[in-house]
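Take a look at these structures.
Paired with subunit B in one complex and with subunit C in the other, subunit A is shared by the two complexes that follow.
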Partner chain A sequence: MPRFLLTRISSGLVVLLLVCLFTYLVFFALSPDPAVQICGKNCTPELIDQIRANLGLDQPFWTQFFLFVVGIFAGRTYGDGASTVDCAAPCLGYSFQSSQAVWDMIVQRLPVSATVAVGAAVLWLLAGLVGGLLSAVKEGTFLDRFTTGLTLTSMSIPNYVLALVLQYVLVVQLQWLPFPQAVAFADDPVQWFLNFVMPWIVLAVGYAAAYTRLTRANVLDVLRENYVRTAYAKGLPQSLIWRRHALRPALTPVVTIFGMDFAGLLGGALITETVFGINGVGKMAADSIARNDQPVIMGVTLLAGFLVVVGNIVVDVVYTAIDPRVRVNA
Partner chain B sequence: MTTETPSEALLQVRDLTVTFATPRGPLDAVRSLDLDLEPGGALGIVGESGSGKSMTSLAIMGLQPRAARRTGSVRLRGQELVGMSEAELRRVRGDRVAMVFQDPLSSLNPYYTVGLQIEEAYRAHRPGVTRREAHKVAIAALERVHIRDAAVRVNHYPHQFSGGMRQRVMIAMALSTEPELLIADEPTTALDVTVQAQILDLLQEIRHETGTGLVLITHDLAVVSEITDHIVVMKDGVCVERGAVEQIFTSPQHPYTQALLDAVPRIDDEIGELRAVAPSATPTNGGPA
Partner chain C sequence: MMPSQTDLTAARTTGSAVESGTGDTAEAPAADQAAGALRAGAGGTWQALRHDVGAMLGLGYIVLVTLVAIFAPVLTSISGWTPYEFDQTAIDPNLGGMPIGPWGGMGAEHWLGVEPGSGRDIFARIVYGARVSMSIALSATALTTVLGVSLGLVAGYFGGRVDLVISRIMDFLMAFPALIFMIAVLSALPASNRSGLLVVVISVFGWPYLARIVRGQTMSLAQREFVEAARAAGASGTRIVFREILPNLRSTIIVMSTLAVPGYIGTEAGLSFLGVGVVPPAPSWGQMIAASVKWYAVDPAYFVVPGVCLFLLVLSFTVLGDRLRAVVDAQEGR
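Up next, the complex of A and B:
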């Protein structure tokens, strides 16, 4: 097991390094000169050169990339002589726009994105599993066809449309939810919770639909397995056959997908956060793309890559607990 | 309804018909089949793929697919199984009638130890038995089918066994409740030849020791001839010939039976063309091909 983990972690690191390189390459090749952006209106060529030197942008590509990677692990110092800025590890650089450390910006917003992701995940897991199971048990009935229709509709509604409709219906027309206000959890827990209700629903709907379909298909597949027939031939009670012989094999693939989806969402729900003005990682990414804030985009990309890699490793570990065939004898 | 003394026969099947509704009208997978088996007897059902022999075995236990309709009569020691409630059938399945299937790998649940799968079969029919007691029964059942280190193996998963060993596990599971009737549906088909012989020996041994009745379903005439005393030959869902093993082998009456016998390779065969069972050897009822 430790050896298996070690292999997975090292291959994960390689993936992250490649993600890093690729992103860096894209921005190096495509983005306009950041020094000009930073310099602003009252700019002189000398000033631009000064900024480039401070940021290390005058270095060749590989040196810049190397310094960036080293900075993540060991921290780095920008500039030289009198005006130096120390960037402690893990250093992802500074935002061109706000001059804040990218790491700090991420740490600040990650809990918000996590709140959005966790709430949505609870909703879509509940809805998806219950919907899928019911649909499978009642295969071919009205309930099954209704659920199928509902999932298709849910999957085809874009997030932002649903968000606007919900806001209009729930807040403006029915007034079931208060108008969203920026509050801290400690100040007004109720308002805080209600703020998140709509984003949770909007985010969960698409996933819930996909999970319903997946669960239904898996359960129906497993019910056709020979070992379920064996269970019937043994005269086991129906409830035991469902619980023991159908559910566990059917839900194993759901674990995999969930690990990936959830990890991806922790890295920010770009559209939903932007539509609802939630100050999470996703909105930060959207904003920095619009402003071509390269260090922030790099940071968010790396974070997303990191979360997916970690999510994958966690799924693999969980898998060994669920499926005895995957257990490694070591 | 019947004038025979019902307690005599272990299994008496009369006019068993399994019908599927298809877009082109009803289709009989099994039609008007009669079977008889005395206590401790062994009956072979022989036929090619699609002849309805597996559907027969499932229909005896009421395990035919939901889309199928089962009519006729299936009596187990005189007790009618057709028309029984699902709850009553559940008490018969696995307890009085147990089944061994063709592919032991897919017929065992890969997520659970073989021990647990034997235990649950036993405990389903012995209310009040503790897990510990059932665990002992599972070990004894594995020893019974000659699995070495049964006390260790009982905690292993199906994928940790070889094909032949898996089939032994299936047999152990079926026998754990000491059933009156064991239905083995192609129990050796998925196994290689030497292992086949071992499994057949095991079935034979169990029959003699426990007096369990056996219905053996196979396409392999060599297999039935070794174990059973009576044979029913099926084609397209109907019985085309029945009789004692010697009789069928020495003087087959139906052209289909002759064709089946001819298709068995013999050691003194000249090397020539492979023999096939002619598709038009018998009038069919339009059953599944």
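Up next, the complex of A and C:
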């Protein structure tokens, strides 16, 4: 077990390093000179050179990349001589726009994105599992066909279209929900909660449909297995067969997919957060892209990669715990 | 994240269902017979699909959009407005540029209304937007299919170090935060030829999902007698891969590609929605919806028209792919 974990973690680190390298390479090769960008008005060639030197932009590519990676683990110091800036341990650099540390910006917004992701995940897991089980139990009936039709439809609505429809119907026309306003949880818990209702629904719909289909297909597959037939032949009651024999193998694939989807969502729901004006990591990424704020985009890309890698490892560990068949190999 | 994300996830989930569905292919007759059976199978697939209302409605809409895209210039010459013309008489400057008339200004002059603010004809923009959506999604599908099939075949048939390298690349690409990276790349690159760039970027991250399945099936097909027979007869590796194994993967490839199209349509629309896709003033459905966000409360028709067109196109491909898979699965005795 520890050995298996060690391999997974080291290969995860390699993936992260490559993600880092690729993103860095893209910005290094493609972006306009950030020094010019920072310099702004009243710029002189000397000033640009100084900014370049301070940010380490005058170094060759590999040196820059090396300093960036080292900075993540050990922190780094920008500039030399008279004016230096110390960037503490998880150093992802500073935003070109606001001069805030990227790490602080992410930490500040991560709870918001987590709130969005957790609420949506609860919704889609509930809907997906219940829907999938129901339509598997009632295979071939009207309910099953209705559910299948509904999942195909829900999978096909783009998030932002659904977001606009919901806002128009629920907020403008029916006025069931108040207009979203930025409030702190402590000031107005009700408004705070209602703000998140639409984003949760919008994000959950697509996943719920996919999970319904997955659950249904898995349950039907397992019910056709020989050991389930054997259990029926032994005369076991149906409820026991479902609980003991069918559900566990049918639901393990859902765990795998869920870990990856959830991790992906934590790294920022760009469109949903942008449409609803939620100040999370996703909106920050979308805003930085519009302003070509490289350090922030780098930071968010790395965070997303990190979450996916960690999600994969967690899934593997959970998998060995709930599925005895893979334990032997581990 | 986003529409495209949801769509991509959905495609991934259905993709894995295909994998389990077609993993056990039917009997393995001699190569010629297999090819013959497949030809008959294609006819049977069409027969079965023809009686499926959902699949036929989907196909009908796809054909309609394709025709609209091809004949866009003809259609706009009939309707009388190009997608770039501003019609100041159709909007009310006193109401901040709201379209005059109900339903966003729909009527005999502007069939689907006009854009608030600019007065551009929505019908013309939808028609030209169809070109963008269809051409990008279909080119991306073609490119992913070529990449996915060839790399999957090579990895599955030759195994060893080749397989190791290709599999590692696939693992890496699938663990990559693709959407954020796509957005970052597109935003960093100059905005000249975004369409071609979109196709390349989508395909680079899209092929592993098909390649993984092709690789698995190739590995099992490579063990079959007809492959062994071909090898004994002195056929080269390339010949075996492309003449013996590839024809047996046809139904898998068709199903997987059909199911990939809606994901790519969604991705293109999503990227255009975020402002890193097709460059204005060229119209795209995703971009039209993005522009309508500011107006949704006062002019709902503005987001409903492109929204419905986009939704129906994605739905059509999804339903068609889903039914196609069901038919193919049934034929392969599952």
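Basically, the second predicted complex is superposed on the first by the 327 of 330 C-alpha atoms of A that agree within 3 Å, B and C clash if a C-alpha of one lies under 4 Å from a C-alpha of the other, contacts with A are read in each partner's own complex, and residues count from 1 in each chain.
By definition in this document, a residue touches a chain if its C-beta (ideal position, glycine included) is under 8 Å from a C-beta of that chain, and two chains touch if they have at least 3 such contacts.
Please read all numbers here as calculations on a predicted model, not as lab measurements.
Model built by superposing both complexes on subunit A: subunit B and subunit C fit together without a clash. Taking Cα centres throughout, subunit A sits at the apex of an angle toward subunit B and subunit C that amounts to 70 degrees, reported as a multiple of 10.
Of the two partner chains placed by superposition, A:P60 touches none, neither subunit B nor subunit C.
Judged by the touch definition given at the top, the superposed model places A:L240 against subunit B, while subunit C stays out of reach. By the touch criterion defined above, A:G140 reaches neither subunit B nor subunit C. Between subunit B and subunit C, C touches the greater number of residues of subunit A. After overlaying the two complexes on the shared chain, residue contacts for A:T230 are found with subunit B alone; subunit C is out of touch.
Shared-chain residue A:R248: touches subunit B; no touch with subunit C.
Once the two complexes are overlaid on the shared chain, A:P45 sits clear of subunit B and of subunit C alike.
Superposition on the common chain A brings subunit B within a closest Cα-Cα distance of 13 Å of subunit C. Taken in their complex, subunit A has these residues touching subunit B: 225-227, 229-237, 240, 244-245, 248-249, 322-325.
Put simply, subunit B touches subunit A in their complex at residues 61, 63, 89-95, 98-99, 101, 103, 106-113, 120-121, 124-125, 157, 159, 170, 173.
Residues 1-7, 9-10, 12-14, 16-17, 20, 171-172, 175-177, 179-181, 183-185, 187-189, 262, 266, 269-270, 273-276, 286, 289-290, 292-293, 296-297, 300, 303, 307, 310-311, 314-315, 318-319, 322 of subunit C are the ones that touch subunit A when the two sit in their complex. Residue ranges of subunit A in contact with subunit C, taken from their complex: 15, 18-19, 22-23, 26-27, 30-31, 152-153, 155-161, 164-165, 167-168, 172, 203, 205-207, 209-211, 213-214, 217, 221, 253, 257, 261, 264-265, 267-272, 274-275, 282, 285-286, 289-290, 292, 297, 300-301, 304-305, 308-309, 312.
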